[in-house]
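These are the structures, in structure tokens.
Next come two complexes, and both contain subunit A; in the first it sits with subunit B, in the second with subunit C.
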Partner chain A sequence: MEIEVLSTSGSKPLFTLTGLAPSTTIKEIKDQIYRKKKALYPERQSIRLEVKGSSLKDSEPISSFGLKSGAKIFLKDLGPQIGWKTVFLAEYAGPLFVYLWFYTRPWYFYGEGAASQPISQCTKIAALCWSVHYAKRLFETVFVHRFSHSTMPMFNLFKNCSYYWLFTAYVAYHVNHPLFTPPSDTQMYVSLGLFGVSQLGNLSIHVALRNLRPPGTTVRKIPMPTSNPFTGLFNLVSCPNYTYEFGSWASFTAMTQCLPAGLFALAGLYQMTVWAIGKHKLYKKEFSNYPKGRKAILPLLI
Partner chain B sequence: MMEKSEGTLSPFVYWAQTDSVATLKVDLKSVKDPHLRIKEETVEFSANGVGAQGLKRYSFALHLSAAIDPDKCSLKVTDRQVDLTLCKTKKAWWPRLTAKPQKPAWLKIDFDKWKSEEDFDEDETRDIRRDFPEIYDKLQKEELGYRRESAKKIYLAIYNLLQFIGFSYVLIVMYIRHYKSGAESMEGTYEAVGPAMKFIQLMQFLEVLHPMFGYTKGSALTPFLQVTGRAIILFVMIEAEPRMQTKPVVFYLFLVWSMIEVVRYPYYITQLYNMENSILTWLRYTIWVPLYPLGFLCEGVVIIRDIPYYEETNRFSISMPNKWNFSFYLPTVMRIYLLFLCVPMMYFMMSHMYRTRVKKLGPKSWIRKYN
Partner chain C sequence: MANKTASKSKKEVGFLGKTYLLAYNGAQVAGWSYILYLMGQYYTADPKPQQSLWEIVRTALIIFQNAAVLEVFHAIFGLVSSNAMVTLFQVASRVMVVCGVLIGVEGASDSQGLHFLLFAWTVTEIIRYSFYAMGILGVSIYPIVWCRYTFFIALYPIGVTGELLCLWAASQLVGASKQWTLTFPNSWNATFNYQYFLVIVMVLYVPLFPQMYLHMFGQRKKVLGGGAIKKKN
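Up next is the complex of A and B:
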């Protein structure tokens, strides 16, 4: 059978695909289109039944959409794509290097002679915490996370890296400053402890989510607490990984008593709350038996 | 006020309609012994009840504008009133209830029914007024003697008018001073119109509240960014640094700002009252082309010339050490704005205006592309 492919911008006819069967999958259609136009690799294509419709899944056969010979489908070019893993590695490696660079107190930001000034215990611990956090993230990107999509738009690389790298510079400049004043030891060590707990919690959730999904699939199940006590937070929120993440940065702020770090924590909280609410709604829509008491990100609150 | 018709008292009757039904609300309380006679084009009603003349027997007769189906009519008596529902034989809008143009004095319009459709079983929950706006206005005028204007609209019209007057005042004063002393007048610009400019600038924060309270469409974020940006230039860059106030760039900046506003506010007024003025519309969607870049340029000049002053005075800056390990150095922020933010922001604002221009002024073939 034949199907006509139209563009979503202006509904121009682009290709006519031939030799299709009802069992042909969307993925195979994308491969055919790719063969006709080299620039449009499959990850860059979004196939829909209407110009503004939702993207059809790769694994579905065309028969499940009731498409017969002569039917029309729409192709949207998602723009240049880049792999999720690539983006994550770039955006997490940056903070590691940028923060440690500020730790050496370059003359450009601090003036001459700043590097020879004494470094407080708090500044050293903060640098360690920051590095551990981002090293952990890089580790998780390579060994723990399972991604639902393989790519995202190229522009996101620029956007995400700017966010992480510039905020790192902003926080690092202040914590590593020769005139940085640490809080009391009690405050520092208690916050450090909380930071450690939050890091372990965050890692536990990531591992639990990984084990929730069989390898190579994009199966979705309701996340539940496991034998790891840190995962108990699942009883209270849908996205405890974000809860722990905010916990880490709130602790870091208390540990350094640094307003820029607080701003970074709040910015992250805002973004993660938006994501958490989206995920929470998706869970509730997908699973009719989704636990009722759970909130999205902050227990009992949001 | 009662009128005797055929020797009997008439009650007040309020009528309303949809395109398939006409309703009569007879204003009689504690009605007893109602008599109703309905034919294809006439309605006769009488009953004992409490009306404007107390407990009496009231009656009325109506010769209708078009035919109704007597079998489908319904009568409902409550303690407060009597509701009559008449089904029109043919679905149509009746210009009047009665066949004759002269309306009896006891027949009034039921404005409440015109607002909501709750009493009807029909699916239509539309506001009829939208379909026949002129008729509603005409009826209101006939009934009440005047047309009620929406308070929101009046407020917005007054706001836009006052702002227009404010910015015109600035332009006029600047023009007169320039006419009298040429380039020398520029130095005293801030002294002459600065207070007025500060006042109308602050008033512009109302434009952030308008979308928040539903007075105008759109998001509150755009006006917030625009008004805040200008406020920073005016209050932080100029007001707070006296040495900036006597520079000629202030003259040019006020000129550019005022020229934009003096077109924008009257344009809004024409939109409020649906009195499209093609010249004004064209101006509003075209003068931004030269004026936005000029505005950004003047603002940029103000900022760049202020940098040495703020490095000297350190105003608005916070340095370390302090309890919150926080530092803010205004000259650095000013530099970052000029180097990295100024051009993208201008691009963003101008492309937004361009899109709105195409939507408003065409060419028609482009409109779909920008939608």
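Up next is the complex of A and C:
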């Protein structure tokens, strides 16, 4: 059978694909298109039934969409792609280096003699926490996460790295400043404890999510608490990894009593809330038996 | 066809909404015309006036430019079809210049940029608000449509030049006075440097201005180029 491929911009006819069978998968369609146009590697293609429709899954056969010979499908060029792992590694390695660079108090940020000023216990602990956090993220990127998509648009590399690296510089400048004023020891140590708990919680959720998905697949299941007590938060929210992540940064803010750190925590919370609401809605749509009473990210609230 | 750009959701906006918008746009046309009139008086006065141009237009400018904040809410509540975020950026930049620079920083209004900016803003706004008012009345006066989608070609760069000159003047003054600047140490471990802030605002013009300028060219092509505009006879 034959299928016509139209572009999503202006519905222009692009290719006619021949020799297809009802069992031909979307992935095979993408490969055929790729053979016709070298620039359009499969990760760059989004195949839809309508111009603004959702992307059809690679693994699905065309018969599952009721496509007969002569049918039209739409192709959107997602633009140059870059691997998710690559982006994550770049955006997380940056904060590690940038923060520690500020820790050394270079004269061009702090003036001459700043490096020889005493460093408070709080500043040292903060540097340790920050480093552990991003080292953990790099570890998870390589060993824990299983990605649904293999790529994202190239522009995201620039956008994401700017966000992480510049915010790191902003927070690091303040916490490592020679005139930085630590809060009380009690405040600092309690917050440090909460930071640790949040980090363990976040890691636990990431591991639980990994185990939810068999290797090499993009299977989706309802996440549920496991034997790890930190995963109990699944009873209250769909995305407890984001909850714990915000917990980490709120704790870090309290530990350093630093407004820039607070702004970083809020910026992250805003973005994660947007993502969590999206995932929450998707779960509810996909699973008719999705637990009621779960919120997206903040228990009982959002 | 001009109506499409003025308010796509005109069908959904009731009589009360349309009356309010007409009053708002009408008031803005009047306000900016008045500011232009004051400028005309200043430039043609003989002998030269005691007051500076800024002192003469300042009150009217504060009222009518800051009133534009309402437009963000018009967009949020669907009273007009404009994108709320785009409107927010546009109004924010104007409010930043008026409040953050001209009023906020003593001496910034002495900049030559003030003349460029006032000229560009008054002419642009008189045409823009007239265009919107026309849309609400369901009337299309081709010369106004043409001006709305043509004058910007010169006025945008002129206005931006004026704004950047004023921002720069302010940044130099703030650098010396350390106005609105918070330093270490303090209990919130925060700093704020108003001079750096002003410079960052200036830098933002680099990516944002071309986008807005090109967007208007796109609109021009859509509305004027090849479209069936009914000319008023």
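The rule is short, and it goes like this: the second predicted complex is superposed on the first by the 302 of 302 C-alpha atoms of A that agree within 3 Å, B and C clash if a C-alpha of one lies under 4 Å from a C-alpha of the other, contacts with A are read in each partner's own complex, and residues count from 1 in each chain.
Rule of thumb we're sticking to: contacts are C-beta pairs under 8 Å (C-beta built on N, C-alpha and C of every residue); 3 or more make two chains touch, one makes a residue touch a chain.
Source: prediction; values computed, not measured.
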Partners on subunit A (subunit B, subunit C) - clash or fit: clash
Touched partner set for A:34, first subunit B, second subunit C, both or neither: neither
Contacts of A:256 with subunit B and subunit C, given as first, second, both or neither: both
Partner chain(s) touched by A:179 [first = subunit B, second = subunit C, both, neither]: both
Subunit B and subunit C footprints on subunit A, overlapping residues: 174-175, 177, 179-181, 256-260
For the subunit B and subunit A complex, residues of the former touching the latter: 320-327, 369
Contact set on subunit A toward subunit C in their complex: 174-175, 177, 179-181, 256-260
Residue numbers on subunit A that touch subunit B, as the complex places them: 10, 174-175, 177, 179-181, 256-260
Subunit A-facing residues of subunit C, complex: 184-191
